[in-house]
Every structure is written in structure tokens, then in C-alpha cells.
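For clarity, chains are labelled A, B and C in written order, and residue numbers in each chain start from 1.
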Amino acid sequence: MHSRHADWEALSLRWVFGALAAVAIVFLVAPSLIVILTSFTSSYSLKFPPEGLSLRWYAALADAHQMQRAAWNSLLVAFWTTLISVVLGTGGAIAIARSRAVWARACDLLFMSPLLLPALAFGFAALVYIHLLGFQPSIPFLVLGHVIVCAPFVLRTSIAALSQLDPALLDASYSLGANWWTTFRRITLPLIGRGVGAGAFLAFMASFDNVPVSLFLADARTEVLPIHLWQQIETNLDVRTAAVSGLIVIATLVLMVVAEKFAGLTRQMR
Amino acid sequence: MSKSITRREFLVAGAAVGTVALLPARALAQEKQLVAATFPGTWNEAHREILAPAFRKRAKATVTQSIILAHDQVSRLTAAKGSRAPFDVAIFDSPQVLDAVKEGLIVEYPAAKSPHFKELLPQYRDKWGPVISMQVIGIGYNPKRIKTPPKSWDELFDPKYKGRVGLTALNSQLGIAFLAELNRINGGSETDFEPAFKALKKLLPNVGAIGANLGAYATLWQQEQIDIAPYNFNFVATLSGKGVPVALSIPTTGAVGWHTSLHVVANAAEPDLAVQYIDTHLDPVVQAEMMKAPFNVIPTNAKVKLEGAITQSIGKTHAELARIRGFDWSKLNPQRGALIDRFNREIRL
Amino acid sequence: MKFRESQLALPLAALFVAFFVAPLAVLIGLSLSGEPELEALSLQQYVKFFTDRFNYSILWSTILLGVKATLVCLAFGYPIAWICARSSPRWQSVIVFLVILPILTSVVVRTFSWIVILGRHGVLNKTVLWLGLADEPLDLLFTEFGVVMVLAQVQLPLMVLPILTVLSRTDPNLADASKALGAGEWRTLWRITVPLSLPGVIAGCILTYAACVTAFVTQTLIGGARLIYMPLHIYQQAVGANNWPFAATISVIFMVAVLLVVWVLNRLARVSRGFTHA
């Protein structure tokens, strides 16, 4: 009697949570699927299910010169942002990961704060700052702005990876006569490589997708893809937006599978 | 150990690829790039589909067309005054031209460098920049739900349209023009907008949605969230071309409109390309192409014979078009900010 | 060697000071400037903000929006994390993958998908009508309900991951002990699991809340002109009206409001950590 009651209870909890979780996962994944399916429509309207199937809107992307240029700008900025974030972020992570000093905690807070402060406010502040210094928005400044909001990702995963690193290994290396750089290159880096890689991947995606900072630091001459798409959605009912959205979803999926294989992405996020 | 070497090599290879990948970017950067402003909706599409390819063929340069409302263009140009302008070609409606000239934001149009300029009808040859089209507003309506085309702005106030009337925010010319026309019909003038706001407040129970911008406005039509609203002739044509149920009716009080013109911006990065771009827009071939469905852009080049939807709804000859009523923008402009502010506060759902 | 290691933080710290702290300081300075001469220090802009009901209501509705969206995220996110923590490692990877996928996809793309879904002829309305839940298509676009719903989906991963992290690290023996002592599953959940996972829940709430209130793209695309929140207000004042001092003021107030909520939640987290050590 008692055990059956417990069984029902266990089942009920599992069912309720299971149902909620299932709904939530559908909630998470369905929109991307729907937009991909809608992009295969042969008509001008964004109806789902699509009326007629065709690849015409994907073909139309070949003529979308401005969109291609914006995509290229985004890739360029994301590449440089990731590079700088990884180099500076890994260094920062090593410096503060195992230290309990006050300055280390302060640095940690400082480096993480872009994730908590509204990025839009920072973007605007950066614009004001640049103008004060007498400059105009340009790609280098855009990259710097992105580094501020993307480096925290590299830091987070690198610090997590470093905290898993057994200091005994490093001690062993030093006691065998290796200097700091050799130890770093042959022990530390390979062991935290996956963590850094996952962070780099996240930083890249965050930069490619960034809107709040790009809104202020990217102007018409340095148009980036998310802003271009946002403008298009706000002003047109263009199905080409669905096509490029479909491409972005698929590209993200592919990149994620790659990141999972090389850097064990899902393990880094848990 | 071998795994770490592979990963390191991977990183090095990646960096090398990245550096190499940047080289074409430099090459791309060498090709000249013009940045031109454009309006949302029909304008953006017409410019992208027709003007950009024609320009590219003629000048062997690319153009980035940035969607910015006229009022915002003036803001950005004012903010960048003295340094390099954020875009090279500005597109203004009649009101903005006055402000821009006063603030020194645009330069006189070098007509000598523009072969098609003299082909324009005389009233469109402005020394600050040629008029490329006229925009006309009327009563937009969903022909599936409203069988007889509305003939008067008063029909918006009809209780049977409760919750089905659309409005657009005043940041667009459409909004301001509608406000001004509503004002005029109700006895106001360019200096007294009280009648307009009184009328809008009376309209409020009927209003179902206020579009933040023209794109959101278009969505309202597509989603059939509104049945009747003031709308722009060009935009109606584009939307109905995409299968959205919307048509335009010119009220008996007459068509209302304004000019739209292109200008070379002061401190432009590419002034010569800017002139070529504008001249391309004056080309009768380009204008004839834009006059066709679904853009229905009203041409200003005398060599273009009017045909299509324009002749059915607006006017059959250039002379008729010239008679479309406008407003005294020099009186209206100074109040714009206050009008927008008041609208945002008082006309809210 | 330790000395040398700490120096590795210098480049990043220098960048942050030069390009993060300095701009924020400039922003605060700008917000304290009076019109028309931007030289004098004055609280004029702040007074202007708080004395106008319009501004005040925007701030309040933004905070409220964040709270609502966070609660929805919690309601859906906790079950996902709970189920995931109890799944086999293979399923865990799959679920985490599915959870991360949205957050890595462009926010513009995801919001755009919702415009397709929420329209009057969209999937949701078609389903609702087909199920007979309503006679007329629902107006979901340009409503606060729509914004909350889309925000919840867009930011859900931020809630799931921290909770999952904590739940994975929770000692399963504790739950087993509770059941061995006769408590049912639900009771175990309420008295043991939830309190132990509270630090993760609060971390998730902090991240989700911070992301929801600053979600410019989602708020503008789904909310439209009727629903103005702080991000759009800042953008309109900065770029549209060119009123930089006032835009700076709104930005500073916005930052303070977000930090305040985060600080409150952080204090709660500190209290809740007491549960694990009690």
C-alpha cells in the first residue's frame, strides 16, 4: 500500500515535470524550425504552413549584395573579437583563477560585469566616449566594444577549466626544470584547451549576433548583419529574411556540432 | 601529446586562414562604396531592386542603402556636422529640405554633372536636389472587408470600425501629413493643431493599433488587424502586389501629397559617386521601371509617360499631378518636435 | 612565478579600464550635465526624468516586464533542468544541446520566427482556432503578453543552465535519504531539492532578468510603438532626438535599476546558500 502510494507520487511528479519540460523544449526549438520551413515558401507571404515549396528565396539571397556585405562585416568583426578575447581572456583567467587575493576577486567582478550591465547602455557610453576622444565609429572601435561584451564568455569557461586543473601537474613540471612558458605551452594549454575553445565559440557567436553594442558603434558604412536584418524586419515583410534566418540557424547548428566534437561544448556548459 | 599538437596546429592554421581571409576584405574595401539613405517599405525595395543594380552598372561601385526616416536623417547629419557624414546621399520629403538647407547639411546639387537633370519637369528641378517623386496619401482599406471604397476621412470615425482603424506614429511623413490634413478638414491651420488633436481623441475609441513604424504598419495590414487607415499610395501598391488585402481610395476632399528628393550631403565621403547615384534615379529608364507594379513610384522625368495604377487612382497627366495639394512646411516644421511629443503622450491605447 | 601570473591580467584589465570603465564614467558625467551649457554639473536631467510620468512609467513597465518573463522562464526552466539532471549522460548532452541552440542562434532570427508564429494568421492562432479555444484570432503581436512570451523563450536557456549545474552537483544521497525516511516525491522536492537548488535558481533569475530587461530587439519587434521600454527609450533619445545628455541619464537610471534588482537577488542567494551548509 505504502509503496504503491509512493509509486504514484513518483510517477505524478515525473509526469508533471516531464510534460512541462517537453512543452518547454518544444517552445525552445519550434520557432527556429518554423522559420526554416517558412523560408521554403514559393509565395511572398510568411505563412506557416507555407503555400507551395520552392528554393527561390534562397536563390534570391545571391543577389542580396548588401546583406552579403553585412554578413562579411559581421564575420570579420567576430573573428577579430574572438581572437583578442581569447588572447586577453586566457591571460586574465590564468591570473585570477586560482588566486584568492582581493584584487583577483575585484578583477573577476570587473570582467564579468558587462554580462550584467545593460549592453545597450554600454554601447551608447562607448559612442559618447569615442566622440569625446574626437573619433568616429569604425571597425576597430566596434571590435573593441565587442571584446568587452564577449571576453567574459572566454573568461568563464577558461576559469572553469583552470579550476579543474590539478596544480600538482604544474608543480611536477616545474620541479622537472621546465620554465613557466614551457609548462604553459605543454601542460596548461592542452588541458584547458577545450574550455578555451568552448569560450571562443561562445564569444564568436555572441559577437556575430550582437545588437546592443553594434547599434551604436556600427554605422551605415560598417553595417553588420543583425542590425541589417532588424532593419529589414522592421520595414519589410520580406521572405528573404526567412531564408537568411534559415541559413543562420543551420550554420549555428553545424558550428555547434563541430564545437561539441572538438571542445565538448555541452560539458562546458554544465 | 599528439592530440595537443594537432590542436595547436589547428589553432595556427586557423589564424593563418583568418589572415588570408582578411586579404579579400581589403580588396573588397578597395571597390568604392557609396552609402545612401532610403525610406522603408516600397522605397527600400525599389531602390534595392532597380536603382542599386543600375548604379552598380554605371559607376562600377557598390552602394549600401541604409533605411532611415527623413527626420532621423536630419538628426544624424546634424550630430555629425563638421566631420565626415554618416551617409553620402540623403532622401528627404519636402519638410526636411528646408531644415537641411538652414542647417547647412546638404550642398547645392551640381546640375552640370548630372545629364538627366534637365529632363525633369521644371517644378522638380530644385537647386538643392532634384525631386525624384511625389508621394500621395489616401484612405487605405481592406477590400475584403470593406466593399465600397471610403470617400471621406470622416468614415474613419464611423463606429462600425471600432477597434479596426490604424494609425502610424508621427515619426513618419505619413503620420504628419495625415495629422495636417485632418487638421485642415477640421478647421485648423499650420499654426493651430488643436482641431487635429481633438479629432484624434475622438477617433481613439476606433483605433485598433498604432504602428511604430511603416514596417509594423505593413504587418498590421498583412495580419488583418486593421481594416481602414491613412496610407501611402506607393506602399499600398507594394503590399497588394504581395497578396496583402489592401487598396487605396482618394477621398473627395482631394489627394494630399509632398515631394521626395535626393541630395548630396555636406562632407560626404564620395560626393562624385553621390551625384552619379542621384542622376541614375533621374534616368527615364529607371523611373519607368519604378513606375511599374508593384512599386508605382510617380515619375518626375518629363520623358516618362504616365501609365498603370497611377493613372487610375491619382492623375492621368503630369499636369494633373502638379495640382495635388501640399502644405506650408516652413510653418509646420518648427512645431514638429512638439507635435510628436504631444502625439506620444495623448494618443496612446 | 605567481607574480608573473598575475601580470597576465594586466592587458585585459587595461582594456576594460580604458574602454569599459572610462566610457561609463563619461556617461555618468554626461548625465549630470545641464542644458544648454554642458559644462555645469546639475541634476537637471534626473529631475526631468522623474518628474515626468511618461518616463517613470517606462521604467516601471520595463522592470515589471523583466519580472514577468523571469517567472515564466522559471516555471518552464526548472522542469527541464530537473528532468535533465536525472537523465542518462547521453540524454543530458542532447537536452543541453537543444537548450543551448536557441541562445546561440541570432536573437533577430528567433524574434522574427515569433512574428511569423504570433500573427493573426500564424501557427498559434490557427491552432487556437482549430482547438476551438477562441472564436476570433487572438491579438498577440504588439501586446505585452506577446513580448513576455517571446522573451521567455529567447532567454529560457539562461535559466536552465545554472539550475542544471546546481542540480547535477546535488548529492543524490540527500533525496534518497528523504525518501527512505518516508517522504513522498513531491515533499522531497519541496523540502530538499528546491532549497538545495536555490543558489542555481537565483543565479538563473539574475541572468534571465538582466537579459530580459535589455532585450532591445525582442521588445521592439514584438512590442511595436505602443510598448516603449527603457532600451527603446534610450535609443530614441540618443539616435532619434539626438538628446545625448538625457539619453545618458536614462541609461544611468536603467543601469542602476538593473543592478539594484541583481543586488537584491544576490543577497537572497547568499541567504539561500545557508541551506546547503545548515
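In this section, contacts are C-beta pairs under 8 Å (C-beta built on N, C-alpha and C of every residue); 3 or more make two chains touch, one makes a residue touch a chain.
The model shown is predicted, which means the values in this text are computed figures rather than measured ones.
Engineer: Centre-to-centre on C-alpha atoms, which chain is most distant from chain A?
Structural biologist: B
Engineer: If you tally the C-beta contacts for A-C and for B-C, which one comes out higher?
Structural biologist: Output for the comparison: A-C.
Engineer: Would you kindly tell me how far, in whole Å, the mean C-alpha position of chain C lies from that of chain B?
Structural biologist: 36
Engineer: Could you work out how far the Cα centre of chain A sits from that of chain C, in whole Å?
Structural biologist: 16
Engineer: Send over the residues of chain C in touch with two or more other chains.
Structural biologist: 115, 119, 121, 220, 239
Engineer: Mark out which residues of chain B touch at least two other chains, giving numbers and ranges.
Structural biologist: Within chain B, residues 213, 216, 219, 222 contact more than one other chain.
Engineer: Using the touch rule from the top of the page, what residues of chain A touch 2 or more other chains?
Structural biologist: Expected reply: 233-234.
Engineer: In the complex formed with chain A, which residues of chain C make contact?
Structural biologist: These residues of chain C touch chain A: 1, 4-9, 11-13, 15-16, 19-24, 26-27, 30, 75-77, 79-80, 82-84, 92-93, 95-102, 104-117, 119, 121-123, 152-153, 156-157, 161, 164-165, 168, 179, 184-186, 189, 206-207, 210, 213-214, 216-217, 220-221, 230-231, 234-235, 238-239, 244, 247-248, 251-252, 254-255, 258-259, 262.
Engineer: Spell out the residues on chain B that touch chain C in their complex, using ranges where they run on.
Structural biologist: Listed in rising order, the residues are 71-72, 75-76, 78-79, 169, 171, 209-213, 216, 219, 222-225, 337, 344-345, 348-349.
Engineer: Show which residues of chain C lie in contact with chain B when the two form their complex.
Structural biologist: Against chain B, chain C makes touches at 54, 115, 119-121, 139, 141-142, 220, 224-226, 239-242.
Engineer: Using the touch definition up top, name the residues of chain B that touch chain A in the complex.
Structural biologist: Residue positions touching the partner: 3-4, 7-8, 15, 18, 21-22, 25, 28, 33, 35, 37, 40-41, 44-45, 48, 52, 56, 62, 64-68, 80, 83-84, 86-87, 213-216, 218-219, 222, 239, 241-244, 269.
Engineer: Residues of chain A touching chain C in their complex?
Structural biologist: 5-6, 9-10, 12-14, 16-18, 20-21, 23-25, 27-32, 34-35, 38, 46-48, 87-89, 91-92, 94-96, 99, 101, 103-104, 107, 110-111, 113-122, 124-129, 132, 144-145, 147-148, 151, 174, 180, 202, 205, 208-209, 211-212, 215-216, 225-226, 229-230, 233-234, 241-242, 245, 248-249, 252-253, 255-256, 260, 265-267, 269-270
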